[in-house]
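Down below are the structures I want you to see.
Look at the two complexes coming up: subunit A is in both, with subunit B in one and subunit C in the other.
This part shows the complex of A and B:
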């Protein structure tokens, strides 16, 4: 067992975990933040995408112990009960989700795109989505949502 | 058949792109999928699975695994046999042409003596944690004696040395046919042109991004079993698990499918794993949870398609179709899955008339066992295979006789409805010419030659392909399906509850796993009642709340929405009777529209919510004539299938240096009948078309021919469609309301996956100037064709 201290969505969490526990398991099973999902076992689908120290990472590709001392943001850390984050709102407005399983990962990745590129265009968004799979939407509305979300973020 | 006139939806929400009710929850990460649930005293299961495609189980040694800390129990086929649990059935009976019933290979819940595909479940380890269960599963020692294998249906038919089920010689489940062979032979004898084509419809892996999952808990005192499962038909599953398996009595079995992360058919079947988890929960008397890893999904979620087909089309000198002859080998995998016999027969051969008048059709289907994962319904289920045959051979014919691919279609379209095809189905409605015209306009078909020349100047081969599909959805009526071999009713139910304050619950057995029923079903009630959508909730996926249902698959939400409409109308009828007493007028004078009851006999009006309150206070009307309360139920059994159709135009550019294909434009004109919510329906087309392009270009379940190991068992090896490889699609709707349900709806979920593959392959053949290329049209194949062309 290893002792891991995380700051998740602004709250300190001390966890006692098996050494092999992945960050996604720490979040889902131990902190019960089940918005981040598991869609694969080869780090290919992106359903588990969260931010660690401000960067989007696949939380199935990181040991929880590696995140010790890190700042973690999950989908639950965005927006508030009263208001959605502009990127969440854009996914809703543009029908960027169907079953919703890939959605938290898509939104966390989208925020990372905005952070790195600022202004986004369609080819960039499509290129950047390479590590995130959606089986429902055909991506078209995810791309529109991300472009609109980035726009909305630039105007707040 | 007595078609009802489609109802006019006068309100403000039905037919509009109303934002989805479910999204506020899902974009916050507040969905509730099966794996999100952890029950008190939860234990975890891991499956021991066969690493071989065909082997005899010599022995299973569980001692080491069982001795590990935290391991609670190991369940094997011996436990299943001891409990007398029956093998998994196929839900459809097909008879061969000679009258013999199909031969169903015995499929136990956990393997007994022989394993027949890689990944077949052999044992379950139940332990305190997921990791302990997985580690212990690896410590179970199974002694396998390898047997010869076959993964390909043509090989399985030819090679009689591999016998997959001891009692099924030749590996043939059935040899079935449909249509009029003699009429086809006559027509071919007098034809001006005959074209033929052999093609493969590649095997696909559904890959919903949420893996299958189950969590079961047994209450021994009350003999109650609760099973959470990621399923498309939880309500229907109760009858099956209770009635067929007897794992609990029907009234004591609760099945819950909360949020489900995509299905595409793959979560509509009965699988051994979920049943085994329920069985294990009874044995250990603790909740047992299993969530598939992606590798398990690849190996064991029922695969789709996998046909090898030869087709011949006879035409007269004007290019009119005279007859179609089709011979198909369907690879059904190691066992006949739930709908494994239905998909390659009545979901496939019955669609071979396409959008065309073809006076004579005959199709033979041989269903062949192989050492592969069972094949079952996957988005489209039989209809994509049919559309691919028809739409490919039509283009081959067009090329042969020198007709434009649009013109040959136009010349042969069915124009009068209803239309009885030579292969069972009676098409309800459509305007195929309009869809073609609109698709061609959207795609700027006329401008293609100029674009081709421009592309050639850049060294690119540009091609354009048209595909016109028709499919059968909204399946029913139940009696007709039973006559064709079906084993379950094909209605849907809805219960509408109006509460005293005028809020509404719609409970339905239909199940949404991405389709947005919480929105569209609510739209029906919102319009009918004149109540804002915020005051309506749609309840699904829990047998404790919903009495009956048949689930969602085969684009059949129109059936449940029609039941919802009818239940709403019963509420309004009762409301009128109540209101007649409240305002003291004759019932015949009471009208209801936009949420207000009124009467020609008085100025007084009653709002819907007032009526609801009065229905519950029950003081303003005689309760010996009108019962208090406001609940209505409807079971809708549709009089006929619905027949969505459409025309797709795909444009590709091929780089002859690398053989890569870019889909540069894709236009779709779809007739889904009445469209409840264009935003949602467009989303369904986007998803379907993407899966269709995926099949045409990248997706392929490949097996090693010597070992029958699945070579494409991860997202690293299997070509999932990705955003970067896709264009934006252009869509238009060309609705003709269906007479098969009161809403005039047809269904939209599968269309894209049906129409897109032939559109893409027709475009590639057009670009390369070749007659045919098999799917997936991989860069290497295309590159070789380009090289051969350049050197010749």
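This part shows the complex of A and C:
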């Protein structure tokens, strides 16, 4: 077992985990943060995307132990039921989801794009959506939502 | 995933000692290959030795006119590193085109080079640019390093600490992406070095290789279009569900011509 200390959505968490525990399992099974999803076993779908020290990563492809001492942000760390984060609100407004399975990963990736580029344009969004798959929307509305969300974030 | 013990040394010497102590152990860098492999139970190491805590494997330095990139530099770090962008723009661009945003945040140059996936990007640049792989035991020329599919000259217990490149602004890596996996269906790196042209091909078969006849064509004053008639060694190419060997040979010429056209652009 390994002792893993994380700061998840601003709260300290101390976990005693097997060495092989993945970050996604630490979040979902041990901290009951089930917003991040598992959509594949090939590290290709991005449904498990969370931020570790501010960077979007696939939490199915990172051992929990590797995140020891790190700051982790999941979809649960954004906004609240009463006031959605501007990026969440943009997904709602632009119908950027259907079943919603891919959405937490899409939003965490979108926030990473905003953090790196600030203002976004459509080619950048399409190129950087590369690691996130959606089986429902056909992406068009996800792209619109991310552009609108980035815009809204620039104006708050 | 099979169970293993997780170890996290903070010095290279400690990682080497742990490897020597546990012959069934595996190193872990960014995990972007390792974790899918472990999850699929394709490997069952007794111990996983993380390189993530070793500061000495990080960073980029300029030494004797060569750019030395630490093994633990992530693809995202290499893509945005000011020194790499200035002195080795083709390598920065290559790193920025590996996988996707999330993979680039974790995957490292050392892991990619050690893994030598037959469709990986970095091996093409290392081979075309005449890079050197620096390990805990020696320095290995790229020409002697990539020995076959997922095979390298690394010995048991040997750890890559850095990769050193000559500075070069006349090189370009052109990748013809497999749209599903984002790996190279064919990728070609063309470099124009003081000693002549070098062309390395990845994704086409069992592992990265140099196209010597293509290099001779360029050195004789040929251009990308002339490469269309230069022979390729059919033994270097394989077919799979993504494309036949013939298709890959055809694409190699086209992608090489594109890479050549982009030189010095």
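Assume the second predicted complex is superposed on the first by the 156 of 156 C-alpha atoms of A that agree within 3 Å, B and C clash if a C-alpha of one lies under 4 Å from a C-alpha of the other, contacts with A are read in each partner's own complex, and residues count from 1 in each chain.
Here is the rule we use: a residue touches a chain if its C-beta (ideal position, glycine included) is under 8 Å from a C-beta of that chain, and two chains touch if they have at least 3 such contacts.
Note that this is a predicted model, so its numbers are computed, not measured.
Undergrad: Contact-wise, after the overlay, does A:102 reach subunit B, subunit C, both or neither (first, second, both, neither)?
TA: A:102 contacts subunit B only, not subunit C.
Undergrad: Report for A:130: first if it touches subunit B alone, second if subunit C alone, otherwise both or neither.
TA: In the superposition, A:130 touches subunit B and subunit C alike.
Undergrad: Check the residue A:11 against both partner chains and state whether it touches subunit B (first), subunit C (second), both, or neither.
TA: In the superposition, A:11 touches no partner, neither subunit B nor subunit C.
Undergrad: Considering only the touch criterion stated at the top, classify A:61 as touching first (subunit B), second (subunit C), both, or neither.
TA: second
Undergrad: Output check: A:20 vs subunit B and subunit C. Expected answer is one of first, second, both, neither. What do you get?
TA: It touches subunit B and subunit C both.
Undergrad: Considering only the touch criterion stated at the top, classify A:117 as touching first (subunit B), second (subunit C), both, or neither.
TA: After superposition on chain A, A:117 lies in contact with neither partner.
Undergrad: Look at A:75 in the shared chain and tell me whether it touches subunit B only, subunit C only, both, or neither; answer first, second, both or neither.
TA: first
Undergrad: Under the stated touch criterion, name the partner, subunit B or subunit C, that contacts more residues in subunit A.
TA: Counted on subunit A, the partner with more touching residues turns out to be B.
Undergrad: Which partner chains sit in contact with A:2 here, subunit B, subunit C, both or neither? Use first/second/both/neither.
TA: second
Undergrad: Report for A:49: first if it touches subunit B alone, second if subunit C alone, otherwise both or neither.
TA: second
Undergrad: Return the residues of subunit A at which the contacts from subunit B and from subunit C coincide.
TA: 18, 20, 41-42, 44, 130
Undergrad: What part of subunit C is in contact with subunit A in the complex they form?
TA: Touch residues, subunit C against subunit A: 1-6, 8, 28, 31-32, 35-36, 38-40, 48, 50, 52, 76, 99-103, 105-106, 181-182.
Undergrad: Considering only the defined contacts, which subunit A positions touch subunit B in the complex?
TA: Within the complex, subunit A touches subunit B at residues 18, 20, 28-29, 32-42, 44-45, 47, 74-76, 78-79, 84, 88-89, 91-93, 95, 97-104, 107, 122, 125-127, 129-130, 133-143.
Undergrad: Per the contact definition, I'd like the list of subunit A residues that touch subunit C in the complex.
TA: Within the complex, subunit A touches subunit C at residues 2, 18-20, 22, 41-44, 46, 49, 55-58, 60-63, 65-66, 68, 109, 112-113, 128, 130-132.
Undergrad: Considering only the defined contacts, which subunit B positions touch subunit A in the complex?
TA: Touching subunit A: residues 19-20, 22-33, 35-36, 38, 131, 207-211, 259-262, 264, 291, 293-295, 513-516, 679-680, 682-683, 686-691, 714-716, 720-724, 726, 728-729, 752 of subunit B.
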